[in-house]
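Each chain carries a letter (A, B, C and D) given by its place in the written order, and its residues are counted from 1.
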Amino acid sequence: MARVVVDVMLKPEILDPQGQAVLAALPRLGVSGIVGVRQGKRFELEVDGETDAEVLARIDRLAASLLANPVIEDYVVRVESTPG
Amino acid sequence: MARVVVDVMLKPEILDPQGQAVLAALPRLGVSGIVGVRQGKRFELEVDGETDAEVLARIDRLAASLLANPVIEDYVVRVESTPG
Amino acid sequence: MARVVVDVMLKPEILDPQGQAVLAALPRLGVSGIVGVRQGKRFELEVDGETDAEVLARIDRLAASLLANPVIEDYVVRVESTPG
Amino acid sequence: MARVVVDVMLKPEILDPQGQAVLAALPRLGVSGIVGVRQGKRFELEVDGETDAEVLARIDRLAASLLANPVIEDYVVRVESTPG
């Protein structure tokens, strides 16, 4: 059993209001030194079996069609250390 | 300039309908071998200056109060490779 | 063709960090008079055929299992004016 | 005290992978008759005082800058029946 993570973030040129809200809230909370915030999605997939190239290619296609909208979002697929 | 990432996921014992929807959609898309999906949030913070222990402690407090709800969500703070 | 909307909000007793971030950002944006913000999800379902009681009961079950987590979220199902 | 709701949905021409995931999951759950699903965000704002035209104009500006990204999302502002 392995864990594959897909991170999905709005493309840098797309305004991210959620991240902007967090950024704008920081001064009131007394937090300084943070100059940018972007908010995206993180998917954790539990894979039954080996995470070989074929499995990762399948997850990449899945990410491009069901987890992210490639027109407005970038995504990254990576294998995480086996959970447990 | 450094990037700090905060991953926020529902606690394992909390049902995650978004992840369930993705999981239930997989067979129809011909994707097999994935036995679990969880969906969470990913925040990317750009920090102006060094990411020393004090900055990370500040971001940890921020995560616990503004980025995640610790009653139902777990979060992880980590420094990513410097962007650019 | 009719549209059914399912609104999903965190239960009032569950802290909503996303809404808190928006609320905390308002003073800096010069917006006053807003004393609370909650952020939830909105699903728009296009139904092929009549939205009779049986269809709405089915969508209610769907909402309780796939759109919302009833342990931490409340949901409301309602028929909107026919689109188009 | 009044409640103002801001609904934010991806523009119709923007692919919505979250909604697609729900739609693709329906057959497996035995739900038929739903031909489209879109997922968006719902913000509930508690307003202290009257929701006159000036307040609504302010919330409209807020929606356009902090709650939605008008390049990819549509939003609707409306006054809901007073809570409580």
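One rule holds for everything that comes next: contacts are C-beta pairs under 8 Å (C-beta built on N, C-alpha and C of every residue); 3 or more make two chains touch, one makes a residue touch a chain.
Since the structure is predicted, the reported quantities are computational estimates derived from the model, not experimental observations.
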Between B-D and A-B, the pair joined by more C-beta contacts: A-B
Shared interface numbering between chain D and chain C [over half = same, under half = different]: same
Chain B and chain D, separation of their C-alpha mean positions in angstrom: 24
Centre distance in Å when chain A and chain B are each reduced to the mean of their C-alpha atoms: 8
Multi-chain contact residues (two or more partners), chain D: 20-22, 24-25, 29, 65-67
Touching residues (chain side chain A, partner chain C) in the complex: 18, 20-25, 27-29
Footprint of chain D on chain C - complex, ascending: 1, 7-9, 19, 22, 25-26, 29, 31, 33-49, 55, 58-59, 62, 65-67
Chain B-facing residues of chain C, complex: 14-17, 20-21, 24, 65-69, 71-72
